[in-house]
Amino acid sequence: MASKIKKIAVFTSGGDSPGMNAAIRSVVRTCAYLKVECVGIYRGYEGMVEGDFKPMDARSVNNIINKGGTILKSARSDSFRTPEGRKQAYDNLVANNIDAFVVIGGDGSFTGAMIFNKEYDFPVIGIPGTIDNDIFGTTYTLGFDTALNTVVDAIDKIRDTASSHNRLFFVEVMGRDVGHIALNAGVGAGAEEILIPEENLGLERLLESLKRSKKSGKSSSIVIVAEGDKTGKNVFELKEYVEENLPIYDVRVSVLGHMQRGGTPSCFDRVLASRMGVRAVEALLEGKSNLMVGIQDNKLILTPIEQAIKGHTKIDKELIRVSDIMST
Amino acid sequence: MASKIKKIAVFTSGGDSPGMNAAIRSVVRTCAYLKVECVGIYRGYEGMVEGDFKPMDARSVNNIINKGGTILKSARSDSFRTPEGRKQAYDNLVANNIDAFVVIGGDGSFTGAMIFNKEYDFPVIGIPGTIDNDIFGTTYTLGFDTALNTVVDAIDKIRDTASSHNRLFFVEVMGRDVGHIALNAGVGAGAEEILIPEENLGLERLLESLKRSKKSGKSSSIVIVAEGDKTGKNVFELKEYVEENLPIYDVRVSVLGHMQRGGTPSCFDRVLASRMGVRAVEALLEGKSNLMVGIQDNKLILTPIEQAIKGHTKIDKELIRVSDIMST
Amino acid sequence: MASKIKKIAVFTSGGDSPGMNAAIRSVVRTCAYLKVECVGIYRGYEGMVEGDFKPMDARSVNNIINKGGTILKSARSDSFRTPEGRKQAYDNLVANNIDAFVVIGGDGSFTGAMIFNKEYDFPVIGIPGTIDNDIFGTTYTLGFDTALNTVVDAIDKIRDTASSHNRLFFVEVMGRDVGHIALNAGVGAGAEEILIPEENLGLERLLESLKRSKKSGKSSSIVIVAEGDKTGKNVFELKEYVEENLPIYDVRVSVLGHMQRGGTPSCFDRVLASRMGVRAVEALLEGKSNLMVGIQDNKLILTPIEQAIKGHTKIDKELIRVSDIMST
Amino acid sequence: MASKIKKIAVFTSGGDSPGMNAAIRSVVRTCAYLKVECVGIYRGYEGMVEGDFKPMDARSVNNIINKGGTILKSARSDSFRTPEGRKQAYDNLVANNIDAFVVIGGDGSFTGAMIFNKEYDFPVIGIPGTIDNDIFGTTYTLGFDTALNTVVDAIDKIRDTASSHNRLFFVEVMGRDVGHIALNAGVGAGAEEILIPEENLGLERLLESLKRSKKSGKSSSIVIVAEGDKTGKNVFELKEYVEENLPIYDVRVSVLGHMQRGGTPSCFDRVLASRMGVRAVEALLEGKSNLMVGIQDNKLILTPIEQAIKGHTKIDKELIRVSDIMST
């Protein structure tokens, strides 16, 4: 492959997600395999502006495929939001002879890449790394699968104590704008009800559902609530509301929080990261740019970053129906 | 839905796989939701021949979504292989007013269903439950994802000790005829080499690869070997061969064995099982038969059982290439 | 053994803890082994008052050794706090020919048992089941070890994301009155600071410690806070305080909550439960009463329940020192 | 503390075990805390002979408390078995101004330390790191608790498939000379029978026990076999024997192997390692030598290394009895 691309940078940006390290490893090793130089940039765009670069070879990424977080760190960058910051970043890339970069992150990170690409025509490929699974152009984002296992594992534990005491639990999971984690983990954990931002069925319907659940002889109930759900203000208010209006329940609340972002990635996320990293480097060497690597029907595809950002994945109606039926 | 199907039986058959219980639960609850009677059959076709039936309602399947194995048990059945046995099975189904059944299992189980359907025109829908992921018509079989996590978790542990001692490990994983587990878990675990039944690259190539790996500065090496691989006779012979021909390595062997079939199912397998169970019951109520529920491009599809059995999923060339690049 | 005790009841009471099922199993199987009848009481003292009894044999407790929660359920009982309630409970025990009982629970449960024993001279042996490890007379309570693993596993995940973003996390763990979970899990998770109810070193010292930690070059900090800690009002106020007074940190909060009570028990808790169950039944058959089975120096010992309740285990000064040194 | 010890070396030796890294971290940080220099030696005695030393400060051991294996590696050393090798090792220590060392390992490693100490009067403290729990002077060795959880987790998975098929499994676990892992994990996993090197009850008793188990209505059976057990030649021969003599069973075999040595250490092992590391350094600074740090009754104690090696921990008769009762 006689490509003009001789040196590729890789970095992680935005909220971290399990599988980011596996993706870094894949980019670095694919570069090594294809005899292209590789540079890691620390702390995302911030490190790009500050010139925090480090050469990486195949051995730099030993033993990280199974590590959560990101060895290249992540950070917000205010300076990259300014033209001066981006100028500085560009100068740093040029000074280091970097011909292209792979950005691993979510839609905020991709927006930054797109703007940068427009201003400097700098070759860039994105890899979707976020637990939220809210990127258009890929059925799965890196970290989503692992986060689901983490949530389901936590709820399995909560159910132990819930059913020992015949209790109702409201469990808050991540998802400010989208309910993918809530819906999938809710079905996986056998939740009685799942509240997501995309649907607001109202508090009354929740009460009806809980009454029906109690009546049907269930010993405990778990209600999964996405962060961004609008049924109640939050899980604490939902608890109060149910305690007042349905005093048959002893109600508890659990907010799973940041542990959802961490942990050893699942095999699914490791394999996906490895595949995406290869494709990202290959795409750059083929002269492609401004695209995101995604997976659909178990095949890697490339989507313009612009589209990836704009169109969020829709919540799956079929899965909502499955969730309703399962709580019979 | 005014279907002729008023009573559905469900059973598991063949080797068990994680997610089978979640699929049973889904079939049972979907029946309850759609006001259809449901019956569990113990020990697969053997229980069908012996009339080992049990009525199941929504509460019969409480707290099983996260359990490995199958509450309905599984068994081989010699009697069902005979026309007399199948006659007996049919009589039992009729005597219990069972109008259709859902079989959860692998290709052996589906073959039984197909033969039975041909002989008695009995409505049947299959759900692919096997860790091997070797069924045509579905990108994922139930249990495959969980088995991959189990394998990768075990190899992560083995790598701890391998890299503490600079050792080479041959790790045997399941897969008598297909290398899906080996290939995916191998990429996920960062294996240096993956030996699968579909490819025999020969012992010499293995030696070359191990030499290269040592030379590149790796502190340890893991070679994943599918049960059915033909490079060596088995992992023990591979160990001997390498010890004789490449004495730079301290070699060890590990056979992961039956633990790969068990364990709490991953969220992926639980959701997949829940979705497939709903679709299976709905398909029967729609008057369909002799089909298997599969998933492709994250959508449920139906494939004639006959096709599902015949065409094994091909090993993914792209993933083999990823595996080669990752071991750089 | 020619004991007067021919029929023993077992129940769980108070907050559930991992290992309770293993203890139930052990009591039931020891009774079976020693040819004594055994009865399970549902929902603790509440079930005793209501007569919610169920005969149990060796097979009733199959496949529960690895289950979190308690198959006999637990509940608070207001009625048992009244003389009338206890009279009713006693009458139920007598009517069912129950000669003695084993109570698995914490100090509240033991207090109930002691009062009952005083009033009715009813033979009783306690097994300490609580994750808090706050019972005198035993180095370990059932569930403590499992809870520690759950907490440490969650903090390992939080650290992934903490160190990817150079953040400070306050993580709240259980322990309203005692800091055993916080102190042990804090040392196990490599926490920079551990705040427990037994010590209040003040907010200023916390600030100093965090400054020192930052200065020493650590990329992230985890502070473990026991529920009952008095340094701040709670983790949310601690966050605010640090953000105001030490703005070098990006601070986050996580409340681990009820998942700490659930989950598959560790091997340690399963073995401990099995040993304690045997000893509890044997003690009753030996004519002993009003004692709690504990473990010290890896040997089972019996302590008067009265003492077990009164004297809480002291926090270990040596471990506090270890925690200080480890955060160097 | 005005000690003559100004510089301490630490290394791991023999088979690795989970918790070794936590112990290294503790030794290094305690040195930092007490203002003593610290040096890591790679590959145990071999690295001592070869002079493979590396200065370590508090930050050198960041993020290793939760890692299996040993960052300092381990190796067998033939040269250290010779007087010349030990002379070379001593010269290297002296040349690097090392005043004392902490060895983390099992009895082979301690024997080496003792011989070296006798020859050169070199201050040495041992920390018992081995999954086998076979060191006199400590109730628990580092890694034992983690290995038990690993084994029990694997057997939980095997039981899923065993009970789905009504099978008998022989599961081989580590323990060439002692049965601690087999006995504890066997009780923890609810094994029907446990075969250990310390007891040979004979094949006939095994058959009787299996018959009784089948008769009692159990759906599956797990027999745990320590590597060093003499009842059969190995698990494969046990399988053959039972198949011939008790054809009611469908028998399978699983050899858990090296995964038992790896994995993220449990909280118990991390805390123990942290405590032992502190005590080891303190003991050296107090002028002590030729002792091993152990834990008894939850207190750290020092035992002459000579005694630690000679007296193996005895198998616990009470636990054997518990195991018998539990398989009722």
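Order of writing sets the chain letters: A, B, C and D. Residues in each chain are counted from 1.
The definition used in the following text is that a contact is a pair of C-beta atoms (placed from the backbone, for glycine too) under 8 Å apart; a residue touches a chain by one contact, two chains touch by 3 or more.
Values in this document were obtained by computation on a predicted structure and should not be read as measured data.
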| item | value |
| --- | --- |
| For chain C and chain D, chains touching each | none |
| Chain at maximum distance from chain B, centres defined as averaged CA atoms | C |
| Between chain A and chain C, centroid-to-centroid distance (C-alpha), Å | 35 |
| Chain A and chain D: spacing of chain centres that average the CA atoms, whole Å | 39 |
| Interface hub residues of chain A, defined as touching at least two other chains | 156, 159, 163, 219 |
| Touch-based graph of the chains, sorted into line, ring, star, complete or other | ring |
| Residue numbers on chain A that touch chain B, as the complex places them | 25-26, 29-30, 32-33, 58-59, 62-63, 65-66, 139, 145, 148-149, 151-152, 156, 159, 163, 184-185, 187-190, 216-219, 264, 266-268, 270-271, 274-275, 278, 296-298, 300, 316, 318-319, 321-322, 324-326, 328 |
| Chain A-facing residues of chain C, complex | 12, 15-16, 18, 67-70, 73-75, 150, 154, 156-166, 169, 219, 252-255, 257-263 |
